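Working notes, structure below.
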Amino acid sequence: MMFESPSRSVSDEAALQVTDLTIRYATDGGDVHAVEALNLTLKRGEVLGLIGESGCGKSTAAYGMLRLLQAPGRVTRGAVRLEGEDLLSLSDRALRRRRWSKAALIPQGAMNSLNPTMTVGAMFNATMKAHGYPAGGRARRLGELLEKVGLPLRAAELYPHELSGGMKQRVCIALAITLDPVLVIADEPTSALDVVVQRTVVQTLVAVQRERGLSMILIGHDLGLLAQAADRIAVMYAGRLVECAPLAEILNAPRHPYTQMLLDSVPTIGRQADPDRAPGGIAHDPRNPPPGCIFQLRCPMAQQLCRDRAPAWTGNLAHGVACHFAPESTVTS
Amino acid sequence: MRGPSLHYVVRRFGIFLLTVWVSATIIYIVPRLAPGDPVQATVARLMADSGSFPGAEQMIADWRERFGLNDPWHIQYLRFLKSAVTLDFGYSLVSFPTPVIAIIARALPWTIGMLSMAIAISFSLGTLIGSLMGWEHTPRPLKTLFPVSMIFTALPPVLAAVFLLFLFSSVLDWFPTMGAYARDAEPGFNLSFILSVIHHGALPAGSIILVSFGSWALGMRSMLITVAGEDYTTLGKAVGFPPFYLLYRFMVRNALLPQFTALALAIGSLISGAVLVEAIFNYPGMGTVLLGAIRDQDFTLIQGATLILIVTAAFTVFVMDLVYPLIDPRIQVE
Amino acid sequence: MTDIPDSAEAIRRRGEGLSGPSSARIRKKRRPLNVPLTSGVALVGSVLLLGILGQVFWDPGLAFPAEARPNMPPVGATSLRGHEGTWANPLGSEGSGRDMLALLIVGAPNTLLMAVVAGAISTLIGIVLGFIAGFSRTYADPVIRLISDVAFTIPPLLILIVVQSSLGSVGLYTMAVLIALFEWPRPTRQIRAQVLSMRESGYVKTAEMSGASAWHIMFREMLPNLLPFLAASFILAVSGAVLAAIGLEVLGLGPTRIPTLGTTISAAIDGAAIFRGMWWWWAFPTLVLVILFSGLLLINIGLDTISNPRLRKGAKNP
């Protein structure tokens, strides 16, 4: 069975370029290497699926890019260039102006991402006001946005606790595109929803992305779900990027053993997920990663070489793999 | 703004009534479980004070009749409950024939006025300081300075009262030692009277503020830190709201909710504290009334005064419960 | 929840979950000294030590009236009447001729003892009722909640005023029991809330689903994890009891024959010590109480950081 990547207009111009992003968490027992020298690139209008098991650092990386990490987490190195401008070296004031108008976030928890003491409408109004959106146009814009994500206009008067999980997530999607940002990072936007709602929310997200030509990083741990929206998939393991390739290649000819493992854990019609190969959590102490390949402890094909030397990234920013034994790519990029 | 549901109001009012009933019952039963007859004891004491006088037996019988102590207990109990509702607690045993309610009516406004000023100042001051202590953008010197201001937090208000009385009244002589206003001030709505009231109330209220604002600050600080870690605050930050807007509209606004609950829970102990502080300062409020009543063993006055204070506490909590849904939109659905 | 704020937490929790000597040793070595807890224990301990050492090195009999020359200032001070303090009464003496040092030596342990007994009883009531309420799925919870809601609104001091003014003079233990009888709603509320939230946590749910008995869950799964919290609740109840006792004593409703810190202060107020310049009469017992209260508060803060690790880092800027 072959997967086709959804067609859309992707320009060659890079909207986002993340280089060498490194994030540490201070704990009582030493620093946790949450994200290690991460490199990513995202073209205008492109959807990048960032996948990995929970705790692999995918959300941490996203929050690090947006400078939203909370103590004890901190970015120790790297650059995040959005339209050529490094977010990490901007002043607080300049950053605040770029926020939401350039880079927006669709948060993970549908449950608790909205201020419980603000109505939906108040949140939209405050957002527009904070970024100087003309007062006269705010009400119309709000109606337009709610309609776009399939919410009734009266939702504007409701408090978050009066909305269902799916509705809250729609509010978050609408909120993210309020100011027509260049980049949207969606952090597991559907993980707290039940399956049926998940599907409709993803469809809404895809529709919005296409219409606006957004560049989007879609974070998730469910390859099946990401496949519905992503052009390209980046796979993370234990804070490191292990493979990055167009969706079709990831699905049809994965080159990293961990990608294969993730793929095997997705049940498809006619084939059960292999329980022995289901991802089972990071095997090493995140404060003291072993020398050599980060994946060696769980890799079915680990050799002495893997224990001695970490594999280098082969390929380019958009398409490559970090494995000593990776096969040649099936597509040229 | 949508109002609270009827069910909620009814339940809160039920708790209010239950509180009054339970405390009235305790206040009624306990003195009767104790050995000795309050009237006999009082008359005996009056006799001892003024030397024996003729007709003492007759006087006791007279008083028993007047206070209804000859009726069966359930009649007496019902009468007491009725008095709790009608606020008619009969006569003071000692300052007979002054009705208990007249003594209370003179004292209660002073207590309520002084205490509500103290609570308002200490709650807002504590909440403000706590917010700044928990906020990431507060300048470091301030953050280290605030805890120093809280050294009195661990103290009972009555000890703070003793300390302030010593320092500001006895040693420095800045504030009066007793009373609610100067003798020469003409009570009424005039500047010198109001200033005199503030001058006299400053130390009693100050004692309460001094020991209580710190706990509001500590509570607010820890709530603010919790709220700062919530997802909605992170989203607010991602939206690019200015730090100060984030502070008051996202963090403080939400951290206030448990603060408000804590305030409702603290009303009882604040009233207790105020009673004691007043007793120290001879402030003409309920504390001084109670202190005198305890010294004179004036049981009707003790009963009336405590019950009124409990009703005041319960009613305040009831009102706060009604106000709460206005600041926490989530309450309506419960 | 995003996994941002959680991942450090998760890692810490994972570390603590690892059984085996190595991880325990690592944690022990690396955990910084709990400063508030240690200094709090030291402060409360010093009050206790005053009582113990005092009995050995000083004559507690001097705490009775007329055992010393009345109205004498402490050593190095002069009273308004021009008397100088002597070593016979190093901290001075009060109006009825009690030695201040002996009063502290006898009074401080009495106050502490009374408070600990009252605190223990009310915490115990709180644990029993809190657990019953937290575990019941039927009537018990709403009933206990209603009772504690009602009882919470009633200021204990006011009821105690009625009770004690009817009883007349009371002993130390009677007072402790009376205070406990009106202080239990606070621990009950706190413990019930904690039990309820803990029941929602993963590991208790797992234990429940695996068919463990309610007793097993209460005593094996929850109680050990609740210990720092229960300790904090107890400490809070102890300071609440001291507070209530001082209040009653200031109003003249304390034990009359046994000296405590509160009765001493009460006597000082009655004796107009503040205006007679006899600061030592009220200042020394107040100082001991301040030490006691600060100690209890610090212990509580220390226990709080143990049961709520989020406060450990404070509001540090990333």
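Note that the chains take the letters A, B and C in the order they are written out, and that residue 1 is the start of every chain.
Everything below uses one rule, namely that a residue touches a chain if its C-beta (ideal position, glycine included) is under 8 Å from a C-beta of that chain, and two chains touch if they have at least 3 such contacts.
What you are looking at is a predicted structure, and each value in this text was computed from that prediction instead of being measured.
Q: Specify the chain most distant from chain C by Cα centroid.
A: Of all chains, A has its centre farthest from that of chain C.
Q: Of the chains shown, whose Cα centre falls closest to the middle of all protein Cα atoms?
A: Chain nearest the overall C-alpha centroid, as shown: C.
Q: Starting from the mean Cα coordinates of chain B and chain C, work out the distance between those two points in Å.
A: 22
Q: Would you kindly tell me how far, in whole Å, the mean C-alpha position of chain C lies from that of chain A?
A: Distance between chain centres: 50 Å.
Q: Please compute the C-alpha centroid of chain A, do the same for chain B, then give the distance between them in whole Å.
A: 54
Q: Could you pull out the residues of chain A that touch at least 2 other chains?
A: Where chain A meets two or more other chains at a single residue, that happens at 63, 68, 70, 107-109, 112.
Q: Among the residues of chain C, pick out those that touch two or more other chains and give their numbers.
A: 1-2, 4-5, 316-317 - these are the residues of chain C that touch more than one other chain.
Q: Among the residues of chain B, pick out those that touch two or more other chains and give their numbers.
A: 228-229, 231, 234
Q: Quick check on the complex: what are the chain B residues that touch chain A?
A: 228-232, 234-242, 245, 249-250, 253-254, 327-330, 333
Q: Quick check on the complex: what are the chain B residues that touch chain C?
A: Touch residues, chain B against chain C: 15-16, 18-19, 22-23, 26-27, 30-31, 33-34, 36, 38, 133-137, 151, 153-156, 158-159, 162-163, 165-166, 169-170, 177, 221-222, 224-226, 228-229, 231, 234, 265, 267-269, 271-273, 275-276, 279-280, 290-291, 294-295, 297, 299, 302-303, 306, 309-310, 313-314, 317.
Q: Can you name the residues of chain A that touch chain B in the complex?
A: 63, 66, 68, 70, 95-101, 104-105, 107-109, 112-118, 126-127, 130-131, 159, 161-162, 172, 175
Q: So in the complex, which bits of chain C are touching chain B?
A: Touching chain B: residues 1-2, 4-5, 146, 149-159, 161-163, 165-168, 239, 242-243, 246-247, 250-253, 265, 269, 274-275, 277, 279, 282-283, 286, 289-290, 293-294, 296-297, 308, 310-311, 314-317 of chain C.
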